[in-house]
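Below, chain A partners chain B and then partners chain C, in two separate complexes.
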Partner chain A sequence: MTLTTVLLMSVPLALLCLLLGLIYKGIDRRLGARMQARTGPPVMQPLRDIRKLMLKENIVPKHAVPWLFSLMPVVALGSTLALLMYVPLFGQAPLLGSYGDMVSVLYMLLIPSLTLVIGGFVSSSPYAVVGAQREMVTMISYEFPLAITIVAFAWLASVAAPGSAAFAFSTFSAVPVWSMTSILGSCGLIILFAVMIVVTSGEMGAVPFDAAEAETEIAGGLLSEYSGRNLALFYMASAVKMVVLGSVIIALFLPFGISGYAGLEGMAAQAADAGFFLLKLFAVIFAASTFPRVAVPRLRITQIVKMYWVYATAAAIIGLTLIGIDVLVEAI
Partner chain B sequence: MKAKALNRSLWVFHVNTGSCNGCDIEIVAAMTPRYDLERFGIKLVGSPRHADVLLVTGPVTRDMKKKLKLIYDQTPDPKVVMSVGNCGNSTGVFYESYNIEGPIDRIVPVDIYVAGCPPRPEAIIDGVVKAWKKLEEMKKK
Partner chain C sequence: MTGLLVTSSGYWHPLAWLAVMASAVILALIIRSFGNNRFRKGTDQQVPFYSGNRAPEGRIKSSNLYWGFFTAMEKYFRWLRRLHTGIVNDYVYWFVLVMVIMLAAVMLGGGP
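What follows is the complex of A and B.
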């Protein structure tokens, strides 16, 4: 892909995914309300919220570090939009796929969370500082099971498809992981899939893992001092991040299209795959955000750490072991 | 334009200035499945910095006077203040008590008064609708 196509494609893609993320947030809220037997806000509600926030006064607290405080929301949105260039979306290869792989995406996924942490620390509010510390602890916690999952994938790719780039998304979109393993390995993959969904919940800051933002106990935590435009930017960043995280899971575990089964070709096939991608994204967001939000109350920060470091890590190691046994048995 | 953007997305911060908790429970009741304020885009937020509407309950005890002022100043413009319950409107059952600084409109400007001890959730929803009307009037000016 040449530089001009990348430049031409990136802006519409970013806008589309921003809109998509906000609409998915609206669906998430509406669906959550329906699950609680409420009517819920219209699906367009997040767009209205953004429009309103843009018109509100933008307050920078007196004791904050003004330039860092105002810079962080911009960096948050910018870095999540940049991430869109590295993950496969709508059943297509990523725009800058040849420049980044799974590992770089994982590192870049830390940036939006880090901006939240820095924004919290410089906003001079004790609530924000507590929120920032909790966010850091959450980040450290989910990193470990996530790393195990990535290692399992790289190992599988290096054994099952030798010669291909072990960390590239394209390896897994060409050959779905499920076809790389037999029954035992598939069990391992299912466990890793569940672990990844839980990790994604944490990365999204969805409710059981939102101790950093807990608005009922620490007044909105990290974001407690942000208002107006800055808050809108953080809100949009979290919407885009939802799309990115969903696409990462889809790229790793559900890289299937339906055009092959429907016997479509050309443009029709691409459109069908893009539509199917939206459906898969909805399923992932439902599983990682809407369902746990309605089903489980907020965990304490100690419980979050235990959840990830003990249970999720143990599950991930079991998954990795199953896949390892499977690979070794196949090799014999 | 300003008011139009506000009237379908009101974020509410709830301030308790010494109420008996009766009003607060009615506010929470307005968010439950039976009344569901969220269907109008109304959401309770945890920080005054995010709020468009300050929902103030209670007769304002001496201790809360400064804090109420502070919270009012912390809320970004444009904003609406709603006083919920007789205590906030007129100090109600705490009338002429030695440690009461209220009613609320002596301390911050109040836009909407909701009467009742405690007001029913319907009355609170009615108050929110009045808040929209108020904002629309602001738009015309």
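What follows is the complex of A and C.
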């Protein structure tokens, strides 16, 4: 597929995933409310919120750096939309899978968070600066267990499937990691799966890792000065990021389709796999966002650092070690 | 493929990323253009929200930016400070230790 074809296909894909992300946000809010014995908003509420925000005034604070303040929401949405081209979606290979691997995706995932940080710092609001600092600290914290997980995957692929591109998503679509290990290694993979869910929660900025926004403490933190269409763009970026992060977990841990089991072929197989992908995405979002938001209260920033640097990192190292022992035992 | 940077285990194409990023940013700008771009300048709308109090005037100083990091990662910084004894011998010990760990990792991993 040429780059020009990809660019032409990217616009409908981006708009579809934007819509999908907003609907998943609606489902997330509705389910969260039901779990707390509330009625909750309609599933389409995020779309209405966007429409309302687009009609509202777009205020730029007095001492903000106006061009940076307005540029950051655009870059946030742009960078998350660009990420969609690099991750496998709807059971299909990524559009730009041969132009960037997992490590590229990891770096690109930093951009939306950095735009939030820069947007917070240039807002000239004390709350936004505190929020931006917290967002930076959260980023620094979850990168370590995330890196260990990715390294574990690459190392496993390099041993179990020699000659394949160890960091490519296609490697794990062709040969799921669960088939590369025996029982001990699978235990390690389950631990890494749990670590990735916790990391994804932090990347999404969901409760209990939402100290950077924390409405009840710092009035929305790094977004406290954003309004109107700028806030709408950040909201849309977070919806798309939800789809991207869910897709990364699916690509690594749950790359299975159902068309093979159902004996389907052609378009029917693609439609069945796409439907199954949406189901898996819902399950991942439920585990990483909806359930923890309802079950766990917000953590202090020091607790977030401890959670990632101590518990998640220790769990990731244990997972990596189990996989290592499993591979060595199999080799003997 | 022209422009594709390939290492022993990974690859990426910076020009392709720039092209995709540029088109995605254009799409974001188009979406943004549908929104309202007005507000009342010179009014209290533009005063930063500070729970009803007057927010500190001017921009936040860069010296204040580190406070959040030191507070959130206080234990880590305290540990780091203890390591910085100012004695050269200690730094050399650390250098040798890190070199040994890195060489062991390279030897066990089989190297590039």
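Just so it is clear, the second predicted complex is superposed on the first by the 331 of 332 C-alpha atoms of A that agree within 3 Å, B and C clash if a C-alpha of one lies under 4 Å from a C-alpha of the other, contacts with A are read in each partner's own complex, and residues count from 1 in each chain.
Note that a contact is a pair of C-beta atoms (placed from the backbone, for glycine too) under 8 Å apart; a residue touches a chain by one contact, two chains touch by 3 or more.
None of these values were measured; they are calculated from a predicted model.
Of the two partner chains placed by the overlay, only chain C lies in contact with A:Arg229; chain B stays clear of it. When the shared chain is aligned, no partner comes close enough to touch A:Met267: not chain B, not chain C. In the superposition on chain A, A:Pro41 makes contact with chain B only, not with chain C. Looking at the shared chain after the overlay, A:Asn58 reaches both chain B and chain C.
Shared-chain residue A:Ile183: touches no atom of chain B or chain C. Touching more residues of chain A than its counterpart among chain B and chain C is C.
In the overlay built on the shared chain, the residue A:Ala219 is in contact with chain B and with chain C. Contacts of A:Ala33 after superposition on the shared chain: chain B is touched, whereas chain C is not.
In the three-chain superposition model, chain A touches both chain B and chain C at residues 54-59, 127, 219, 224-225, 228. The touching residues of chain A, when paired with chain C in their complex, are 3, 6-7, 10-11, 14, 53-63, 65, 73-75, 77-79, 81-82, 85, 96, 98-104, 108, 121, 123-130, 132-134, 136-137, 140, 154, 158, 165-168, 219, 224-225, 228-230, 232-233, 236, 301-302, 304-305, 309. Residues 1, 4, 9-13, 16-17, 19-21, 23-25, 27-29, 31-32, 34-40, 45-51, 55-60, 64-65, 67-69, 71-74, 76 of chain C are the ones that touch chain A when the two sit in their complex.
Touching chain B in their complex are the following residues of chain A: 29, 33, 36-42, 45, 48-49, 51-52, 54-59, 127, 214-216, 218-220, 223-228, 231. Across the interface of their complex, chain A is touched by residues 1-2, 5-6, 8-9, 11, 32-33, 36, 38-41, 44-47, 49-50, 52, 74, 76-78 of chain B.
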